Every structure is written in C-alpha cells, then in structure tokens.
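One structure coming up, written as structure tokens, with questions to follow.
Naming follows writing order (A, B and C), and every chain is counted from residue 1.
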Amino acid sequence: MSEERIIVVDHLTKRFGGLKAVDDVSIHLNRGETLGLIGANGAGKTTLFNMISGVLKPTSGTITFDGVEIQKKKAHEICKMGIGRTYQIVQPFTTLTLLENVLAGALMRHPRVADAREVAEGIIDMLGISHLKNTKGASLTLIQLKRMEIARALATEPKVLLLDEVMAGLNPGERVELLETMQKIKETGISIIIIEHIMKVIMTLADRAYVLNQGCLIAEDTPQKVMEHPEVIKSYIGERHYAS
Amino acid sequence: MAIFFQALIDGLLTGGIYACVAVGLSLSFGVMRLFNWAQGDLLMMALYMAIFLIQGTGIHPLVSILVVGPVMFVIGFFVQKFLLNPLVIRAKEREPLSVLLTTAGMSFVLSNLATFLFTSNSQSVTTPLTGRSINIASMFISTPKLIAFVVALGLTFGIQLFLQKAEWGRALRATSQDREVAQLMGMNNKLLYCLAQAIGFACLGVAGGLMSPIYAVSPSTGATFGFKTLTIVVLGGKGSVPGALLGGIIVGLVESFGGFLFSSLYAQIIVFAIFALVLFLKPNGLLSKDRG
Amino acid sequence: MSKTLLKDKIAPKHILVLALLVLAFLFPQIVTQPYFIQIAITVLIYCYWSSAWNIIGGYAGQFALGNGVYIGIGAYVAVLFHQEGFGSPWIGMVLGGVISVMFAFIISKPCFKLRGTYFSLATVAFLHIVRYIILGFNSIFGMETNGGMGIMIPYTGRWQDMQFGKEGFYYVILVMLVLILVVSNVIRTSKMGYYLSAIKTNQGAASTIGINVPKYKMMAQCISAFCLALGGAVYVHFLLNVSPYDVFGYDLSLEIMIYCVIGGSGTLWGPVFGALVLGIINETLRVQLGSDIAPLASAFYGVALILIVRFAPGGLYQLGQMLINKIKGSLGKKKSETKEVSVQ
C-alpha cells in the first residue's frame, strides 16, 4: 500500500511566530495520479509546496517521499530524489536564454553540457517553445516563462511535479494552450500536484482534490464531489472562476 | 580609579560624535536599504570643508556647522536625486548591487581626489575651543567633545522625533517596510528618499563642524571612520536612530578602554572583531530578537 | 552526418585571440626598454587578479570585496616560507595558495549566510582584521614580519628563488594570465558555469533544480582565493618587497573589482579588457603628467565606474560588443546595397 503512495504528508504544521500557516495537514499523493490542491489565498497551499520541495522546514510533522522522510532535507537533495516544482511568481534565470534555463535543470542528471543541451532541447520541443530557445529570460512573456519553468522542472527528470498556479496571469487563450501542454505531461505518467484557483483546470486534469482553508484541510474527494462540498462553496462564494 | 572615569567620559563623549556620523548611514541603510560605502569619505569632505572654512574666515567651529550642515544637505539631496534614485527605481532587488558599486565609486573618487588636492598630509585648525577642557575632580572633560556630545544628542533626539511624529518622517518609515506598497499608497518616494539622504548628509556636515576643533583630517580619514560607522550601524540596528547612539557610545567606550588598557591598534582590532561577531550572531543589532 | 570542416569551427574571434597571444609573447622582444616591460608586468598582474576575482564576483555574482586579503596571504606565506629556510618560495607559493583556500573556506562559510551588502562588508572586515594584525605585530608565530615596514627580499636573481629579471617576470605572469583565462573558460562552459549563473540570478530557484548553492559558491571562492594568492606570491618577488600597504590594501581589493566591473564582470575577457585599458591610461597619464597624477586618474576611474554602472552595466565589453554589432550592421547594409546595384 505504501508503494502506491509516492508522497505522504503526515500531521504537517508550519508556524510563523504566532500564525499557523499550515495546521496539522495530512495528505497523500498516489503514484501516477494528478492531485489538485485548492483553497483561497493564504490557505497555506504554497507553504505546503515550499515544505515538500525543501525550501521551508516544517514546525512539526513528517513528509515521506518514496518511503524516505524528507522534511529535514535540503532543497537540492530533494530535487535529486525526484521532486521538481514551479513557482507562483515565475523565477527565471533572467540572464540566461530559455534553452540555458532548461539546460541548467538538465545538468543535475546529465553533468556534461552537451548531453544536458540535448535533453533540454527535447523537452523544449515537447512543450512547443523551441522557437524561443535563444531568447534571454528577461525578454520572455509570461506564458513563455511559465512553460520554460515547467520545462526546467521537467529537465530534472522528477517523479513528482509540483505546479503552483501555473494559470495565474494568463488570458483564456493562453490557458487553453497551457492546458494542452499539461495533458501531454500527464501522459508521461508523472505524478503531479497542482495548486490552482481555476476550477476548470482542476476538473480537467485532477483525479482527486484536497481543499485547504486557513491552513486546515477541509475536504478531500474527486473534483466534482469537492465542488459540492458545503465548506468549499462557503469559502468560494464570489470567487468561482470558470475558464471560458 | 580616576583614570577609569577619565576613559569612561572620553569614550562616552566620543561616542556621541560617532553617533552623529552614524545616524545618516543608519537612515540610508535601514530606511532606504541603500548602503552608502562613501559615508566615511563624505565625513572627510565635511571635515575638510569645516577646517578650510575656519582657516579661511576664522569663524567659530559651531558657526561652521551652520554653513557645512546646509551645504551637505543640498549635496545629499542631489546625490540621491541624480545618482541613486535612478538605480533604485530600476532595480528589482531590495539591495541593488548598482548602489553598492556607485557608492564604492563615490568613495574611490572622494579619497583619491582628496589625496590629489591636499596630499596625504593632515590638516587641522586651532580654534577657540581646541584644547579647552573643564576640570572636575581631577578629571579633564574636553570642552569641544562635551559640546559635540550635547549637540549630537540633540540631533539624534530631533531626528527620532521627526521619524515618529512628523508626517514626512512617518512616511519615510513606511517606505522602509515595503517600497512597492508605499508607492501604491501614493507617497512620493523619490522625494522622500532625497530628503532622508539629505538629512543624513547634513548630520555628517554637523559632525564635521563638531569635529573640527578636535580632529585633524587627511585623505585616509574616510577609511578610518567608514568602518567605524558601519560597526555602529550594525551594532545599533540599521534604521534605528537610538540604536546609532547606543552603537556610537559602545564603540567610543571600547576604543577608549581598549586604547588605555592595551594600545589603540588592539582597540581597532577589537572593534573589527565585535563587528564580525555582531554581523554573524545578531545582524539586526544588539537590541533585536535574533537568535543568529 | 557530414563532418564539420575545420574552417567552420574556427571563428574570427579565435583568430583574434591567437593573434593577441602571439603579440603578447613577442612584446618584450619588440619593445625592449625595461621601463615599458615593467609597466606591462604591472598591467598583466592586474589583468590576472581581476580575472581571478571575476570567478567569485562576476560568474557567481558574490561581491567579495575583501578578497584582496588572499593576495596578501599568498605573498606573506611564500616569502616567510623561504625566509625561514623551509624551502623554495615556489613551494611557499603553493602553500600560500593552500592556506588561502583554508582561510577562504573558514571565513566564507559564515559570510555566505549573509546576503547582499552584509556579505561584502563581512569580507572587507576580515581583510581589515588581517591587515591590522600584520601591521601591529613585528613577528607572527615567531617569524619576523616587521609590521608596517614589511620584509625586504634579498636579491639573488635565481629562478629557484622566484627571481627572473624583468623579461622573465613578464613571461611568468603572462603564462599565469593565460592559464587563468583557460580555467575561467573551462568553468564558464561547464556545468559549474551554468550553476554559478543560476546562483547569481536566483539562488532560491537554483536550489530547487538540484543545485547545491553553498557548495558551488564555496568552490568559486576557493578557486578565486587560490589564484589570487599565487599572483600575490609572484608579484612581491618582482617588487622584492612585501608590505601590508602593498598587498593588504583595501584599495587594491577595490581596484581589482573596479577593473573587472568596468571591463565587464561575468565575461571571460571583460576583466582583462578593463585592466588593460585602465592600466594603459594610468601609465600614459603618469608619463605625461608625473606620478602625482595617479590619484586623479584613480578618481576618474571612480567616475567611470559610476557612469558604467548607470549606463552600461556590461562594462567596456558590452560597449565593445555594441560597437561591433553596429559596424556589422552597417557593413551588412552596404553589402546588400551593392548587391542590389549589381543585380540591376
């Protein structure tokens, strides 16, 4: 049973001074599934991501990845083990080109620059951004940057991909494009956790969803059932987004 | 025993002057996140101004403050306006590298210009205040140092009041929290920054006037005071005016006791060591709640 | 796949570099006055030091303004090693490099925990601490250092004692410069180079793509410290004198940074460019206007730094590139114009 669960978060809490950003949260990710994480702003979703990827250390609780506890490990060690992520506010290496950004990601598993470049070009092709590969990070548009970040994370050949509000800031046309990209990635069999506000995305991609509110877990179910949950409806009144 | 008190008083009074010098850097670094590498060299410039003014016109050192202070105020305003503001506007980081480089460049320019114009010989001036002291219980309290201390206290008190009560002062403190948010709230950041830097420079001008009866100046004065000022700001916590006073007094006392117990060289090393320790253990100042 | 022709692999810039190299090696044979060779030696060592600083300051983006301290450590260790009879200063030089690396390791670990200005300040603090210690004591660990007066190195003229005569020093330092450029290029085009670029622009994101940020920062710093130390050891044997004012100067530390930034930090040739141009300007001014002019020239470099930071952050290198592109652009236009004419 535990081999089925690639990530297990157990009673995880993160306190910042007196504030509990994440409060006794227990969730799990099954191998090969796409998991949705929804909730209002400040619900603790990104903090959860930060703890899973090793950027933040939890106050208490454990995170197990592939059977190994990782909550005390450093971010780069966790990446080596197989977790890749993107950021809510994109974090490109602005002085490097798109290709070089992704190359930097590929170097972890392919230390020779020539090999890493090949791998990077393959991923860039798959995501449809080849034509931009020599553009400097600082000159790319938002949707291009988002794809680049996904490509860069994929270049580390992760078993688990954490996507943090990939759709934020995109217009409806761009969202459709990115949705197609994400379908393609899903098909590779990778396990994914998506943080998203836009319900259509969760409905389309996620097999299961958790709902967080003010740091606490308030619901867990399939996306459709979760939408009918009274707590979720309460916290989402006036905030429902449907991609056109 | 009397020597102990002598060293204590000396250190305390010198500390006041140091505080005056440090206040400007504290404001710049703490409130605007702009570290001014040229602080020490700007003090040197103010001191040269004061000394040459007194040499040339024979005015009383305290009167020189009334000239050098405002001149430095104006210089500071325009330095911020033309040199630093454009860099701050452009940069996305909180502490832009370009500011560090620009102020390091300023420091380089000032110290080299001084070497070129005035050679490495030191300049000093004899004033009605020089060498005067008050004699209390077999201890000598240097008069110019005492005056400097009082003025410095007044100045730091005044600036602290400005930051707490005055509308512009409070606006300044708000920008230190978050530059972007403050901009959204409609405050004229650029003007505020120019004002803050101008105040800092003016303090240096006042310090220059206060120091003219006591210290000699040479192109290396900048380097000497630069690091001292920095240590004070780090000790007291950047952005804290009372912290600058506390830091100044601590450094003044350490130098005084260090010099009298060991030698002035050891005292310098101790100051640097303290700086390093504070930087690593309590980077936000002695009074902060860091655990380091 | 067809074999790439040799001529396709060699770009015009490779030929330029080769030409420069040949010119550099022939320089002392063409220009034989010892005075010019002396100037060239000084310019070369600054090119070397600026390139060494570039590795931590330019590639990794960590502004270690106090790195000049390693120049001093390398110098003193090499000289003391020989003076106390432990062996040849060559071995002392290597030892100086090793000790510098150890020093860099110990100091940088806490320093790297600081960000931005604090990091730079911490490195400068250590420079000052070491300088004051050397200034303040006449002997260290029982070895005579003469405090501020420094140590005179007795002239022997033997290469075993690291003394070569002017031409010899020119070639030794030129070789060192070539070596450090090779090292820099290897770093730049390898995994380490990409990792340092990532660290320079975004440390947080770098760590989540598997980059061990502290390790790579430390590697860059240690390489820089080692190279700076070697330069220090060789240069003081050229001066035949080692003193804290020369090798532990805060000004020296600042200067190598300024040459690097003005030339174009983070590029391969930027530091060399900067040190070369400014060094030549320095000397020309000195010859024309006397050595008292030196501080005024330095003041101008400060102004240049301020202007470059504001208007051309990529330094002279960036300006040079823009110029070349403009020339290429206008040549291209001319070509297409002539083409049109001939077609008609």
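Here is the rule we go by: a contact is a pair of C-beta atoms (placed from the backbone, for glycine too) under 8 Å apart; a residue touches a chain by one contact, two chains touch by 3 or more.
Given the structure is predicted, the values throughout are model-derived calculations rather than measurements.
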Inset, instruction - Using the contact definition from the top, classify how the chains connect: line, ring, star, complete or other. - result: line
Inset, instruction - Would you mind checking which pair of chains has the most C-beta pairs in contact? - result: B-C
Inset, instruction - Taking the mean of all protein CA atoms as the centre, name the chain whose own CA mean is closest to it. - result: C
Legend entry - Most distant chain from chain A, judged by the mean position of its C-alpha atoms: B
Legend entry - Mean-CA-position distance for chain B and chain A (Å): 48
Legend entry - CA centroid of chain B to CA centroid of chain C, Å: 33
Inset, instruction - Determine the centre-to-centre distance between chain A and chain C, using the mean Cα coordinates as centres, and give it in whole Å. - result: 42
Legend entry - Multi-partner residues of chain C (each touching 2 or more other chains): none
Inset, instruction - Quick one: which bits of chain C touch chain B in the complex? Just the residue numbers, please. - result: 61, 63, 65, 110, 113-118, 120-122, 124-126, 128-129, 132-133, 135-136, 250, 254, 257-258, 261, 292-293, 295-296, 298-299, 301-303, 305-306, 309-310, 313
Inset, instruction - State the interface residues of chain C toward chain A in the complex, per the touch definition above. - result: 189-191, 194-195, 197-198, 200-202, 204-213
Inset, instruction - Over in the complex, which chain B residues touch chain C? Could you list them? - result: 29, 35, 83, 86-87, 93-95, 97-98, 100-102, 104-110, 112-113, 115-116, 223, 227, 230, 263, 265-266, 268-269, 272-273, 275-276, 279-280, 283
Inset, instruction - Mind listing the chain A positions that touch chain C in their complex? - result: 53-55, 74-76, 79-80, 84-85, 87, 91-96, 100, 103-105, 107-108, 111-113, 116, 137, 152-153, 155-156
